[in-house]
Amino acid sequence: MIEAVPLSHVLFVGAAMFAIGIFGVLSRRNAVAILLGVELMLNAVNINFIAFTMYSAPSRIVGQIIAIFVITVAAAEIGLGLAIILQVFRNRANINVDELDLLRW
Amino acid sequence: MDDLYYILPEIVLVVTAVGILAADFVLPEDSKPNLAWPAALGTVVALGLVISFWGTERSLYNGTLRIDDYAVFFKVMFLVIGFFVLIGSPAFARRNLRHTAEFYGLILFAVVGAMAVSSARELLTAYISLELVSFGFYALSAHAKDERRSNEAGAKYIILGAFSSALLLYGISLVFGAAGTTFYVDISAQAETAAGLGPGLLMGIALLVAGLGFKVAAVPFHMWTPDVYEGAPLPVTAFLSVGSKAAGFAFLIRLFVEGLQPVMADWRDALGILAILTMTLGNLVAMQQRNIKRLLAYSSIAQAGYVLVGVPVLTMGTAAGMMLHLAGYAVTNLGAFLVVIFYNNATGREKISEFRGMSRRSLPLALMLAICLFSLAGMPLFAGFVTKFYLFSAVAAHGLWWLVAFAIGNSIVSVYYYLVVVREMFVTPSDDDEEDRKPLRIPVHSAAALTALAGLVLWIGLYPDAIVRAAENGSRAIFGG
Amino acid sequence: MLVALVGLNLVAGFSMFALPERNRGAARFLALAAASVSLVLSVLVFALYDRSVGGFQFENQFTWLPSLGISFHVGVDGISAPMVLLTGVVIFTGVLVSWNIDRRTREYFALLFILVSGVFGVFAAMDLFFLFFFYEVAVLPMYLLIAIWGSTRRGYAAMKLVMYLLAGSILIWVGLLALYHAMGASSFDFVDMQQAGFDPVLARVVFPIFFVGFGVLAGLWPFHTWSPDGHVAAPTAVSMLHAGVLMKLGAYGIIRMGVQLLPSGAQDWLWFFLIIAVINVLYGAFSAMAQRDLKFVIGYSSVSHMGYVLMGIGSLTVIGLDGAVLQMFSHGIMTALLFAMVGVIYDRAHTREISEFGGLARVMPRFSILFIIAGLTSLGLPGLSGFAAEFLVFVGTFQTSPWLGVLGVVGVAVTAVYILRLIARVFFGPLNERWRDISDASRLETIAGVCLVGFLVLFGIYPPLMVGQIDSAVTPLIASLSP
Amino acid sequence: MGWSWLIPILPLAAFPIVGLFGRRLPGGGSFLTILAVTAGFAISVMGLIELTTTAGLEFNQGPGPFVVEFLRAGDLSVPLSMVVDSLSLVMLIVVTFLTAVIQIYSIGYMRGEQRLHWYFATMSLFAAAMLGLTITNNLVILYVAWELVGLCSYLLIGFWWERPSAREAAKKAFITTRIGDVGLLIGILLLFVNTGTFEMDEIFAMVNAGEVGSGAVTLSAILIFLGAMGKSGQFPLHVWLPDAMEGPSPVSALIHAATMVAAGVFLVARMYPLFAASEGALMVVLVIGTITAIFAALLALVETDLKRVLAYSTISQLGYMMFALGAGGMTAAMLHLVTHGFFKALLFLGAGAVMHACGGIIDIDRLGGLRKRMPITTWTFVIGALSLSGFPLLSGFWSKDAILNSAVEGGHWLTFSVGVITAALTAFYMFRVIFRVFFGSPRSSAAENAHAAEPVLAVPLVILAVFAVLGGWVGSPLIGDPFARFVYFGAEAGHAFESLGAILLSASAAIVGIIVAYSVYMLRSPSAETVREAIPAAHRFLARRAYIDDLYQWLIDHVSLALAVLVAMFDRKVINGTAVDGSGFLVIFSGSRLRRLMTGFLYNYAAFMLLGVVGLSIVIFALAD
Amino acid sequence: MNFAAFLFYLVSALALTAALGTVLARNIVYAALSLIAALALVAGIFFILHADFIALVQLLVYGGAVSVLIIFGLMLTATDRPVTAPRDRWQRVLALLGAAAFLGLAAFAAFATDWMRGRPEQLQRVPPAEIANELFTKWAIPFEVASLVLLVALIGAIVVARREPQ
């Protein structure tokens, strides 16, 4: 069954998704798009948690519970993040992060 | 429900916060800034409760939390920080902020989160508590919503914060995968029995360090710090500069001591390098700053570097030293920020060059800032000297001379930029317009707060026995000695 | 008594801020009172020290941080007692010549007294943590004192000075920690540490750290450049304290923490440091010769004279060390006098260019006599304390290394050249008409000067008054050296 | 001699009293200083009587009833010990006597000076130091006194410090002698290192017992001689002495003719046991003395400043004494010291009287014909000059004879012949001065209107003239040479008439010198101008003081000061500018670059964080085992 | 390779593709849509790994709440300003390098670590009730804190995003 897939492969999927998320964060200029990248990273983390808890951890439950928390946090983050970005947009009419340069050096 | 008793302080704060949020609906707009007083009262009550826990050692809620001297030490610190931030806020809030009730509520929630972090003995609890702190700060940083700098700070902070918490979570997942558990004691046991859990655990540690490094502003995870400090409303910056850092370290120290000590040999040098990078960059760039908030931001980065010096040789002594230095740093930095806040309230200024002639306008204020800056620089008579001395000598005891030499060298360099501020205040003559010569009148409560902080700084600097003992007890608690 | 000395000045310093800002008189009065009491106390410490018993006297100890083995422990021995006296004298006279500071008087005196309490603290501390502590206390106010009340390039000089001295203190700190941990991290107390007896290899490593660390403050070549700039920029009383007392802290530290704790290290490095000391002497003297600004001359001459102190220490003989400590005292008084007098003239003429003066002895006789006496002390004229000190240093150095001793003696001749040139240019010859109406040293300034001259003459005519006391500390110290 | 400690102490005590309160005392307090030094004279004479009646050297530890140490450190002890023996007694008597006489003279000469009390105070300090130098048994005290006489010399040369020339002369004197003093100090220290004591008698005992290596003895003797060279104006450290004539004439008479400059000779005599133990050191003394004697005499030939002529003459005579010491004639040197003290003081006072009378004019080309207006001055001056020239039966004759004799005895024929030639030159230049100043016709209105010396000036001249005639007889073989039986080193000295030829030679040399001077300056055949034009190069060479002053000036300006400027530049530019400020700049600069990392772009920040993660992981992987 | 494994690889590949779409799509709306797809596919992975409950939560929270939020966010911040050139031209290269480096390290950690250490490789489903039970007992504190986190986020979002009366 699914056991034919070794844990490391699942982890690789997680790692790959995380890396894609990182790429998103690092390459995007649109603040919302960056947040999308972060969401990908958090999902990748969840893949890890589920994989570990299902394959190797002593408890089958802990990882799942953590995953719930991660999802919660992710949702909260996107909520508050979007609110702030919205406010940025209102004041500047633009959400390109490389134009957020009042503060630097 | 004995366990509940020990989280009573947090509950008190939550209740206070909710009460304030509720009061927001009934109070008239211009009396809302005064809600800081009930909020501060809440911290005082909680403080009393927390202090009564001194000496207790008890595991709570299935071991997710623990009340011990370490936790109490940090909780006291957070409550003191919260108290002074609240005290320092009303005048600023009245001038610059809307939604002041929410502002105070968020501060209280962040304090709750930080307190929980210091008790947490389990990765998930610690993480989620840290997120509570962070979310509080995200919202607070962006609180001056009409100000573009505040918006920008909030946006940068939350996006980078989310990024860092993703890194942290990935690290937690690897640690969890390697150890099979998130409880520190079990991680430690696993690490001891299964000698070295391979690359998984190591990378997990690296990611944990990265995630926590973000909170404590360690280089290269510090980049947000100056921008957010500059952009955020001043009381938030004050809170952030000590609260976020202390919370991060409260997490980090307990985690590394209780959970990761068996694999210490694997990470110690990496953290040493991190410490050096942190303080060096912080100090070098701090010299370049023109804005007092940014200067204090880089200075806080450097201070994080000093604290990190203790991590590579985690012993009872260095842990106590780190706690001590954090405590000293907290009161000192708060003091500095309170002065800056007050000066900003009175004059709307925050450039370093705009501090010129401040000693002519209010000598006590200038003296207070000078005391704090000297303390940050590690000059004797003041807290910074004693705490650094304690910390560095504890590190030196384990032969990490190169690290200590770097640290001390850096503290010398740092004197330069602190002195620049002192020079502006005391030496450079003020411009000759009417505005610059008007004496500043300090409200009584600000004066009291400043005096109290100056007293703390001097107390730690001159007779630190009690606080050293407290830090040592705290450190002993996590080392289980 | 020592606690009183430290505490009094600290309290005096901080209570300055409590005075009304406009009332300069009150600040001056408080300063004078504190300085007078300090002077009396320090004279008492010096006079009541029982040299036949030796060792540390007037001890007081209070626990402070028992977990680290730190206590507030004070006491003086034959080396520090003269230094306490020196400090008392210099602050007293320093207050007198600062009488006409009109700008921010109370802050000025406040910082001055905090500084002085630090200096007393260093000399009195028997706990090395506190020694270091007070050392830093002494350094910091210096910044503001120079930066606010200073003159030429004050910002630069003040910053350089502080950075330099703090850099020196890093080394001290590192060395101190090394010793502390080498003896099992049990105590910072001097006596305990001395008894611990450090491993020769450790001593060899740590001694140069102390030597250079403290040497920075003592004007050790090539780490001396803060000193001329600092002296030039500083206001009069600060220059006095600075060159007169603060530089002595460095030398004192070398003796106390370098030689006394690490005798074997001192022996290992003896040659190297003797050579550096000789360089100090000659380099400082030659540099002084080329200067055009009075204060620069004196600043470099301090570098040169501190070279003698270092020579005496480096000789590691009883006589040489006696001479070194006496030279510390003597140079302290002398240079304080010189700076006081330069302050007098600068106040009136607003210039310090040597070439702009001439024939001042006619219009300012009191001033001239005081200055010339100081100058003569500087060139080692017998009958003034500088001679006895330098002579002892030479004897000591000759016992260790005649060749370096010869070079040191040559330094005296070079000193004579620049001092005499200076005296000739400034005081003798036809009067520069610009200064026809210049007024002589005021009464207070004269009192200050005469007070200092009195000490120069007293210990110059009868040096055993001080040497005997120094001897009581130095003899056991040298006896502890391995042959 | 229980009272001898009072000899230096009395004037020393007078110094602060007169210095501080002299302004309010009559005569600037001069009576006090004179009294102090006269008392010293009396005590010395008593000592002389005591010593001649009891015989033998006496070493007396400690000043009288109490033992005081000037210094004590470790095993070093510097007691105020004294030695009162024939040598020091002779010196004491000369010094106290001359000081007393000259101070009396000063009352008149310095009348009306503004800083009169200061003058007498310094004179008193000088006397104290000079006497201390003479009487002490301890080398440290000797050095102390040595420096103090130097100081007094400095202060007195610069007494009229408003004059730039006086200021420069004072400075030059101090610095030049300081160079010698460096040698002296090193020599003393070297002796201490080798013997462990500063007490002279102990050192001599050890040297005699051969406990000190010969190299050390020679070296320290030469170094000590260096000190003597500086003080006694020996070539090439003589340059300060002619310039020192900027001081008041009584000062020149006392300090720069009779006493202080002779201290070098006294020092060598005092340390004679040390010198005698080293052939080499004696040789150095001999050579330097010989060169100095003739060299200074040559320079005196062309000098036109009256006092400077006398100064060169002093240098030359000191050269005589030195080479006598070098040749082994310690007695002769001391005798010449005594006689020279008298007649040279006389000459200077005479010169002072001339200046006083002619309104400060001292250039011999602007004087002349004073014989008629100042007879006492003239004839006492002539007596002094004759004595100096070694005219038979006058003081100088006996001592010069003794010196030449010692050269003969030592077999130093070259030195002897130099001595004879110098004697001729001496007579020539002295009489050149006399003929130019006192004879002929006045060459300036001041000289025409000169007035005779007042009594307070004249009396000392007469007293000294008497001694210039008779003083030398103490060393006359005709009366059995009592001096040689009193002051000697080793065995009693023999006497001059043993080489009668030499005596006749020197006496005739002096007479020849006088005759030639008469011929040139009175008869003008050949006239001085003719001679000058005949040998212009030689004249220029001498007139430029053999270029030695120029050489020194060049050394100071182009070597010493240049070195100083170089060191100072190095300090400012290299050490401060590059090393110190440079590193500061580096720190600031690196900060200014580093801050550019914080671009303000969010994705850059994230990239750095990621870089941190990757770096940390790699480091941890790499460092983990 | 059995069907479950095949399904896993297939879904994973699709999820990664969707993720790539999220980060590469020029149009931000497409990016959001492919994120939603990716999230749904990740839910599929959870399902395949026998974590049914989490898969459900994922679909509900993400598919329901978050996607709506994002769409709203995009609509509210839509701008018709012309696209400006990026300020840092190396940004994408840097991003690629960084992501690749991280992937390399994480893959190394994933493959080089002996995660299993002899534990049974038997994946089991866990009834949601058990999860709930443990969540509310053992994990009560984090749960409570998480509720505070949400509260804070809520307050923050309201305070920040609310339009103020001028």
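Every chain is named by a letter (A, B, C, D and E) in the order it is written, and numbering of its residues begins at 1.
Keep this in mind: a residue touches a chain if its C-beta (ideal position, glycine included) is under 8 Å from a C-beta of that chain, and two chains touch if they have at least 3 such contacts.
It should be emphasised that the depicted structure is a prediction, and the values quoted were computed from it without experimental measurement.
Engineer: Could you tell me which two chains share the largest number of C-beta contact pairs?
Structural biologist: The chain pair with the largest number of C-beta contacts is A-E.
Engineer: Can you compute the centre-to-centre distance for subunit A and subunit E, using the mean CA position of each chain? Integer Å is fine.
Structural biologist: It comes to 5 Å between the two C-alpha centres.
Engineer: Could you work out how far the Cα centre of subunit C sits from that of subunit D, in whole Å?
Structural biologist: That gives a centre separation of 36 Å.
Engineer: I'd like to verify one number: the distance from the centre of subunit B to the centre of subunit E, where each centre is the average of its C-alpha atoms, in whole angstrom.
Structural biologist: Each chain reduced to its C-alpha mean, subunit B and subunit E end up 31 Å apart.
Engineer: Taking each chain's centre as its mean C-alpha position, how far apart are subunit A and subunit D in Å?
Structural biologist: 96
Engineer: Using the touch rule from the top of the page, what residues of subunit C touch 2 or more other chains?
Structural biologist: Those would be 163.
Engineer: Mind pulling the subunit B residues that touch 2 or more other chains?
Structural biologist: 124, 128, 131, 135, 138-139, 142, 145-146, 154-156, 159, 163, 167, 170, 174, 177, 199, 202-203, 226-227, 288, 413
Engineer: Send over the residues of subunit E in touch with two or more other chains.
Structural biologist: As it turns out, subunit E has residues touching two or more other chains at 87-88, 91, 94-95, 98, 102, 105-106, 110, 115, 117, 139, 142, 146, 149, 152-153, 156-158, 160.
Engineer: Going by the touch rule stated at the top, which chains touch which?
Structural biologist: A-B, A-D, A-E, B-C, B-D, B-E, C-D, D-E
Engineer: Could you please specify the touching residues of subunit E with respect to subunit D in the complex?
Structural biologist: Its residues touching subunit D are 87-88, 91, 94-95, 98, 101-102, 105.
Engineer: Can you check the complex and tell me which residues of subunit D touch subunit E?
Structural biologist: That would be residues 599, 601, 603-604, 607, 610-611, 613-614, 617-618, 621 of subunit D.
Engineer: Residue numbers of subunit B touching subunit C in their complex, please.
Structural biologist: Going by the criterion above, the answer is residues 359, 363, 367, 374, 379-381, 385, 389-390, 392-393, 396-397, 401, 404-405, 408-409, 411-413, 415-416, 419, 422-423, 426-427, 463-465, 468-469, 472.
Engineer: Under the stated contact criterion, what part of subunit A meets subunit B in this complex?
Structural biologist: Going through subunit A, the ones touching subunit B are 11, 14, 18, 21, 25, 31, 34-35, 38, 41-42, 44-45, 48-49, 51-53, 56-59, 62-63, 65-66, 69-70, 73, 76-77, 80-81, 84-85, 87-88, 91-92, 97, 100, 102-105.
Engineer: Which subunit B residues qualify as touching subunit A in the complex?
Structural biologist: It comes out as residues 124, 127-128, 131, 135, 138-139, 142, 145-146, 148-149, 151-156, 158-159, 162-163, 165-167, 169-170, 172-174, 176-177, 180-182, 226-228, 230-231, 288, 294.
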